[in-house]
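Look for subunit A in each of the two complexes below; its partner is subunit B in the first and subunit C in the second.
Here is the complex of A and B:
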């Protein structure tokens, strides 16, 4: 092999390949295999037993699993859309501000620094039915005289989780859309004005297409670590009350570690992984498309 | 004249509306954090008071003193968790940066087959939810005997951070003109020297912000850490925060204090890098 020299880019990418293969790819292959076994942590020998697709068939017949699946998709869809709209508003508000923009931008980044586990804790604290800020404020203002069971009632708990999630991630959208607004050339806007566009028209047909790629970057980044919501749900309700806020990821961790049914949990995990990949690829392709469109127009 | 006045009123209304909207948005963003800070300084009696006490009567640092003196209140060894968090985050960040720099440079400077497919493949490894990844990792680590060690968690976090650091660093190297390194090479530098003397210094601040980003992800990570750590040997702060809820009564003040301790490093670091972070992630957006 003397004198054989690999191309430099192969050499440069090698460490990344090795690390990702060792920590992500190989374990995932292992978990794919174990999803075809009745593997239980308490009985290690069960990993050699092959049961084919039985875990998956069981999953697809399991109503609890589908409920969690539906709830996860609902949570993500609603959260991402609300974050997108609110982020757009926030970015427009900040962009319009004539003074103190630096300060405003810094404040806007504030929620990004909170780890999801902290976001969960902070909203668990604020939504506490007895001593939480929200109920205390509502009662002091005289809007209600009862304690609203934010985290105890199933529907309200879901709403609370949604609020926590939106609070923590709206700023991601706002920051990227703001970056887009600031990078936008001013001439097309002026041209639109001269041509007699209404503010709405110039926003819709000039500004909007330009900031779309930036919004999709935010979407892609968000979908890359979409499972952050696990931390929030875990600490706020842990899937309760009575599994009303159980999402895919809390269900996986419960099945794997509390019930010790690794095989089944791995089958669920694969469904969750496919879901995440689906979201990411979707946004990545949108990003590529939006980018091309921009390239054609400017 | 009339039209003029109507216009003026309309404009004034718009301006006040804008200010009010801005104020409300900023208040919603800031309030939860401020409330945590305030609660960590108040005595428990005031937090639990019914009807609520809005104006704090007495503020003190008791919660922090209790937390950092020995095992801390309720027997939660916050100092150990803090040390673990720091060791794990810093080490994994340094390694992830080295790996990410190599990878990012390869993506920014070389043309090769399947480039965008490989890039997307790297990113897709990041989409695997932490909790789903923790299942096989738990099993493998148990076989290797590295559960509840710093090494195990560092390894996992390096893999977690590599895709993002590659993305960011790729963007920063692309902003450095290619000609500069070429000029240096013509002047007699080797490729290696040209990289360290010319390209690296220009991309340095961006690389630093990628590092801080990686640090924050490790510092805040919970899903993997909660399963791969067991004791004070390797438990990190986010896992430690859960110790408070595991108890029968929740020590709200202690939790708030720990939350503040967790957020301060993150706050400082994000503040430093905010500019580079956005420009790094968006550099590929328009140019493609």
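Here is the complex of A and C:
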């Protein structure tokens, strides 16, 4: 080894590369490889058996997988839209506040500070059909006299999960949109007033185009979040009842650990990642377009 | 008829009153400039007229409508902002046509109005550009275009030229003047630049600390400033203003030097009265290098030392020491002068001003 003398900068960066390779690249490659094997945790030697694309081909015919896939996309679509509308509303309200805006902003961020697992438990308790707050409140108010099976009925369970998601993450939208509102120059709004705009028209033609890029950033972040959603669903319903709320990552973890079919689970995971990439690319395109529209310099 | 009238108009921010019960009547088609130092309440006044700032007291009428509580969109006004306030996400054409689109006009109508305005302002080539692709001067034109397409009753300008360089500013000044001649609308123009106010306006309103000091045509505020403040604010270079005491038919300055009491004030002051003496650099010139406007007998000559000169080519500003202080004088057909040279200065006292030292009001009456 004597004649080999790397330049000092290479030498200095080497440890970082080694660590990165060990913790990121190797596991990534390993999992990608294992998606081409019938690897089962219970039979470690199966990892050496190469079966090509068989796992992927199986997935394409797997109704359960596509049901979970579809449910994830549905959850993503509905949650993003609801969060977008609520977040916009919240941001507009907070921006109007002349006093205590700082405090309001902090309060608004509270849900984001909870771990998703905690949010899951909290809503599992609230939606419990016997002792839950929601049924209790509904019954006390006389709105219903029976226990609504929130987490037991498939549709209601999905809605309950949606509510938990929305509660925990609407503030992501609110905060990005609020940032946009606060960064927005005030003069064009005044010009719009003079040009004859009603408050709604000012919003529609001036404010909205300006905050759109900020909304798209929030959408990108949240679409990745929801495409990876796991904790809340795991805690609240664990994919039940009868797999009616099974989403991609609960299915993947079940396949990997309960069924011990690691190879298949990894194949699912890679398909799921494609979904995330798809959404990211889509929202980034929109973001670029919206930014160009307002001539943003960032 | 688009007169604008302000009656006892007051603006308060919390307990801080920034505009104190001002009164102003702007005639139909008149060009009025609000001028004054930064922070004197010009923009606030203009924004109250526009409806962008709620008023704290008094009345605003546009035409014969009281507009106190009307939102801007119901006042039929246009405003050009200092920062232009162009919509960044719209093309030039969309910017200019926006108000018409909001008013629900047809595509055709909008297109022809925009084309008209673009022709007036030389923007035809730029209609499809976005604001980020325009220079400062072009953006300024777009802002003006946006204001003129809707044929408002009143145009409001808030320092529209202050972000342009000197050359462009002069060019746009001329264009605004042409525009006023063409569109024949009432215009209220805010500026801190007295030259802009003088060159553009039919009448100038000089504001100070939320009060109106004087209203009048440019000629009048220049020739007959009502207060010491107006005298010092209008005119460039600024008027020479010095404290003096009336003493035995003469004006005695702090160091004991004297000048004859100008004839026009002889019966308006009493002995011992503290006054402020004012004389424009135009009326104070090295003998033979200026023109007296009144009687030759009213010109008083004093020999003084030169401290500094500023040659401007066709004229030279001479700073010369009199009564313990440098006075600015304007030398036409300039001769080379150096500091330390002695020069005879002609004081054209018929053009001088006197203000009471306490009230700072003109003693001309």
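Just so we're on the same page, the second predicted complex is superposed on the first by the 266 of 298 C-alpha atoms of A that agree within 3 Å, B and C clash if a C-alpha of one lies under 4 Å from a C-alpha of the other, contacts with A are read in each partner's own complex, and residues count from 1 in each chain.
Here is the rule we use: a residue touches a chain if its C-beta (ideal position, glycine included) is under 8 Å from a C-beta of that chain, and two chains touch if they have at least 3 such contacts.
It should be emphasised that the depicted structure is a prediction, and the values quoted were computed from it without experimental measurement.
Asks: When the two structures are superposed on subunit A, do subunit B and subunit C clash or fit side by side?
Replies: fit
Asks: Calculate the angle at subunit A, using C-alpha centres, between the directions toward subunit B and subunit C; round to the nearest 10 degrees.
Replies: The C-alpha centres give an angle of about 80 degrees at subunit A.
Asks: Of the two partner chains, subunit B (first) and subunit C (second), which one does A:257 touch, if any: first, second, both, or neither?
Replies: First partner only, subunit B.
Asks: Which partner, subunit B or subunit C, is in contact with more residues of subunit A?
Replies: B
Asks: Could you say whether A:194 touches subunit B, subunit C, both of them, or neither, answering first, second, both or neither?
Replies: second
Asks: Could you look at A:205 and tell me whether it touches subunit B, subunit C, both or neither (first, second, both, neither)?
Replies: Only subunit C; A:205 stays clear of subunit B.
Asks: Kindly classify A:160 by the partners it touches after superposition: subunit B alone (first), subunit C alone (second), both, or neither?
Replies: neither
Asks: Is A:169 touching anything from subunit B or subunit C once the two structures are fitted on A? First, second, both or neither.
Replies: Neither subunit B nor subunit C is touched by A:169.
Asks: Quick one: classify A:118 as touching subunit B (first), subunit C (second), both or neither.
Replies: The first partner, subunit B, only.
Asks: Could you grab the smallest C-alpha gap between subunit B and subunit C in the overlay, to the nearest Å?
Replies: Minimum C-alpha separation, subunit B to subunit C: 8 Å.
Asks: Indicate the residue numbers of subunit A shared between its subunit B interface and its subunit C interface, in ascending order.
Replies: Overlap of subunit B and subunit C footprints on subunit A: residues 294-295.
Asks: For the complex, which residues does subunit A have touching subunit B?
Replies: These residues of subunit A touch subunit B: 7-9, 12-16, 19-20, 22-28, 30-31, 34, 89-90, 93-94, 96-97, 104-118, 121-123, 125-126, 130-131, 133, 136, 139-140, 167, 171, 175-176, 179-180, 183, 213-214, 217, 220-221, 223-227, 230-231, 234-235, 249, 252-253, 256-257, 262, 265-266, 269-270, 272-273, 276-277, 279-281, 284, 287, 291-292, 294-295, 298.
Asks: Show which residues of subunit B lie in contact with subunit A when the two form their complex.
Replies: Against subunit A, the touching part of subunit B is residues 18, 21-22, 25-26, 28-30, 32-33, 35-36, 39, 47-48, 50-52, 54, 98-100, 102-103, 105-106, 110, 112, 118, 120, 122-140, 155-156, 158-159, 162-164, 166, 191, 216, 219-223, 226-227, 238, 241-242, 245, 252, 255-256, 259, 262-263, 266-267, 270-271, 274, 278-279, 281-282, 285-286, 288.
Asks: Which residues of subunit A touch subunit C in their complex?
Replies: Residues in contact with subunit C: 185, 187-188, 190-198, 201, 205-206, 209-210, 293-295.
Asks: Across the complex, what residues on subunit C touch subunit A?
Replies: 50-52, 71-73, 77-79, 81, 83-89, 98-99, 102-103, 130-132, 146, 150
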